[in-house]
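What follows is a set of structures for review.
In the two assemblies presented below, chain A is common to both, partnered first by chain B and then by chain C.
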Partner chain A sequence: MSLRIEALHKSFGATPALRDLSLELPARSFVAILGGSGSGKSTLLRIIAGFETADAGRIMLDGQDIAPLPPRLRPCAMMFQSYALFPHLSVHENIAYGLRRAGTYQAARVRELLELVGLAGLDSRRPAQLSGGQQQRVALARALARKPPLLLLDEPLAALDAGLRAATGAELRRLQRETGTTFLMVTHDQQEALGLADLVAILHGGRVAQLGPPQQVYARPATRFVAEFLGAANIIGNHALRPENIRLGITGTVPAHVLRAGFRGETWLLECRTADGTALRVALPAGAPPPPEGSAVMLSWDVAAMVPLGA
Partner chain B sequence: MIRAGAVAWLALLVAAPLLLVLVIAFAVPDEGLPPFRLPWASEAPNESWALLTADAFFLSALARSVLLAAVTALLCVGLSYPMALGILRAQPRLRAWLLGLCVLPFAIGFVLRMGAWIGLLRDSGLVNRLLIELGLASEAWQMLYAWPALLAGMLHSYLPFALLPLYAALAARDPALEEAAADLGASPFTAFCTVTLPASAAAAGAAFLLVFIPAVGEFVVPELLGPPEALLAGRAIWQEFFQSRDWPLAAAASVALLGVLLAPIILWQRLERR
Partner chain C sequence: MTRALLALGLVFLWAPVALMAAFAFSDARQPFVWGGFSWRWFAALAGNPRMLEAAMLSLGIAAGAATLAVLAGGALGWVLARHGAFRGRTLFGALAAAPLVLPEVVTGLSLLLLFVALERATGWPDGRGVLTILLAHASLGAAYVAIIVQARLSGLGRLLEDAAADLGATPAAVFRTVTLPLLLPSLAAGWGLAFMLSLDDVVLASFTGGPGATTLPVLLFSQMRVGPTPEANALALILLLISALVGAVALLLRR
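Let's turn to the complex of A and B:
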């Protein structure tokens, strides 16, 4: 399976949602589309699924343009943010729905899927009788039932409690590996995107601002937007500098004083101001107490840590 | 306080009239005002219940009423689905206007609306004149005082009772449900039958009952548009009350009608709880 999106364009009225967006996904990969609200990420997913029609462009799935097909004839499957489980059907029938439409229903296949998502034995429950995490897994099993080559996931973890999110994310990753399905996940959460995906595409204003492995887009942001969107990067002139790449000590090259210290759990994020008035954010390991607010510090960093930014 | 008020309200406006009707149903008809004697003040036995089932007159009127109400309610619900789904597909700004257009005729008096049907359907009415002008008919086609005219009037009178609850239920549904069905390979028709319809079944049941219950007792529309031979329960009760002045019989028929109406309500509540 390979998905290649070519020059996709979509406007709602006078407002463009996607601007000549092109994107290529390698087979059997886990790709995250990361963007804020209004970035066009949901529109992109809905166009691939067929719920919205693009004004221009092609969606090539294994060499075939699926853009003219109605949703039901597209080989991809979608997992909805609201899960969209059929409230009047049992868990078993929810998962069987796609199989029945295709005429390939087998009770054994449904039970196999329930086992795959760790819900064996819950066949006869109604969606309303399940917890949020269980509903999420039924939605996943339903989407995977027909072994789609491409699974679209719309904010799959957004509706879960923070505590469940990490475990469920790892579960998604395991399922992606086990099924060999290409996962295309839309999210606004950078931690989620960086932590789960093989490739991250950052969307900004209807375009792909950067596409690359998580480590690369984090360490080498291509644009100022990417640098700021992924972590609290400092922008110095035409360069980005990560807060964790700044050293703080008695010796250093840049004198500054501490304005504020914010506790982040694993780190302290210090807001400092240098002698020439530049604001810099500095991350410190949370083991030791931070320097008091107002105190003078010396900052230093490697020139190699300064990442040059594109437009 | 509020609870006591509600109980008093129900007792005054629901229980008391009902009790009155029930008592009259067991009374004996008499000359004078009111034209009956209370059951304990009369030596003659109450005959209204025996009369009710003595011949097929009331029972067939009741059966016709139930059938007409069921057909009306079914057609109202059937028409409401495409209307509600169509309105919901429109731009959000337009929806209130479209819904308003559906309900607007009800700002006009009921009798005027029925009068409009008479104007349309009578022998020298608009439709017949048009048919003759266009050469599609050589003489007037008798449309008024027939079952189709009656049904048209019933639908026109009761449609909002089905449309509004169904619209509210369909507006509150997750639009992703139908998208999920399409995504899983369902055609629009299959998605409607397997998802939209069953997921809104409770609202459809409510809409059906909201039309069915008042429609069973309807007697103005059949009077104005229906065939003369179509004796319905409402008209039968009216005749007993105002023409024969047999109040106990009319009251007994009313109680029987109420009994018939309780059955679907209880059934529906059972289904709802499930």
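Let's turn to the complex of A and C:
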């Protein structure tokens, strides 16, 4: 399965949501679409699923343009942010729903799916009788039932408690590997995208600002937006410099003084001001206490750590 | 203080009903004199063929009108909620809800005029009677059902229908397996409401009924002119219990 999106355009009234967006996903990969609200990420997912129609462009799935097809004839499946489980059906019947429509229902297949997501034996429960995490897994099993080559996930972890999110993310990752399905996940959470996906596409203003492996988009952001969206970044002229790439010591090349120290858990984030008035953020390991506010420090960094930015 | 006010309000609402119910069990001939406990008026009721006939007619009309109201109102509510973007939608929405606030005298008179004009033009309906009352009640009930169904569908949103389509369901299958089952409690509640509206209606039935079709409320009302009897109390109590039962079921289903 390969998905190629070609010059997709969509406007709501006079407001463009997607502007000639093109994107190519390799088969069997886990891809995250990362963007803020209004970036067009949800619209993109709804267009691929078929709930919205694009004004122009093609959605090529294995060489076939699926854009003219209604949702029920598209080979992809969607996992909704609020799960959209049928409240009047049991867990078993929720998962069986797609199989029954296709006429390929087998109770054994449903039980196999329940086992896959770790909910064996909960067949007869109603969705309302399940915890949020269990509902999420039923939704996942239901979407995977017909072995779709492409699974669309709309903010799959957003409705879960923080404690459950990491474990469930790892679970998604395992299921993606085990089933060989291409996962296309939409999220606004940078940690989630960087931590789970093989490829991250950062959406901004209806376009793909950058597409690449997590390490690459983080270390080599293509634009100022990408640099600032994926964690803290210092913008110096036309370059981005990550706070953790700045060294702080008695020796150094740039004199500065500390304005504020903010505790981030794993690190201290120091806000410094250099002699020429430039504000710089510097990350320090949280093991030691930070230099007091107002104290003078010397900063230095490798020229290679400065990433040139495009428009 | 708040308790006293609550009690006052409830007494205001329910004291007349309680009094009426109590005198249904009075042995005296006047319905406002206590003559000791007795079932005699219920027994008299059972032996009164006019009353029983009117009761059966009322129940039949109520059931038929409620069923028709669910079909017509359900379709109307569905169109208003799911095909919302057509021209004149606001107007149609207002038109669907208008019978709720229209004075019943106006509705009754206009229906009567319509039936008379129709009969002149087409020969149908042949006089006024059971059928015309049923249609009048169904038309009022349909407005209520449409409101209930529209509210339920808007509340549900399209999410579950989208999910069903995504899982391969045809539009007909989406309706049958998702929309209809989720709508069923609202349809049942709407049926109950339309049933009760029909069962206690005097105005519409007076306007659109004929000599051969006297519903129970109309009969009760006409008997008041001769003078009330505890028999009427007993009948009213039975009606109250039926209404309460249907209302309670409708309320439970809507939750």
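By definition in this document, the second predicted complex is superposed on the first by the 311 of 311 C-alpha atoms of A that agree within 3 Å, B and C clash if a C-alpha of one lies under 4 Å from a C-alpha of the other, contacts with A are read in each partner's own complex, and residues count from 1 in each chain.
Following the convention adopted for this analysis, a contact is a pair of C-beta atoms (placed from the backbone, for glycine too) under 8 Å apart; a residue touches a chain by one contact, two chains touch by 3 or more.
Here the structure is a predicted model, which means the values were calculated and not measured.
Superposition of the two structures on chain A shows chain C clashing with chain B. In the superposition on chain A, A:Y97 makes contact with both chain B and chain C.
Of the two partner chains placed by superposition, A:G249 touches none, neither chain B nor chain C.
In the superposition on chain A, A:G287 contacts neither chain B nor chain C. Residues common to the contacts of chain A with chain B and with chain C across the two structures: 49-51, 70-72, 74, 77-78, 80, 82, 84, 86-88, 97-98, 101-102, 142, 145-146. Across the interface of their complex, chain A is touched by residues 174, 176-177, 179-187, 190, 194-195, 198-199, 201 of chain B.
Touching chain B in their complex are the following residues of chain A: 49-51, 70-72, 74, 77-78, 80-82, 84-88, 97-98, 101-102, 142-143, 145-146. Put simply, chain A touches chain C in their complex at residues 49-51, 70-72, 74, 77-78, 80, 82, 84, 86-88, 97-98, 101-102, 142, 145-146.
Residues 159-160, 162-170, 173, 177-178, 181-182 of chain C touch chain A in their complex.
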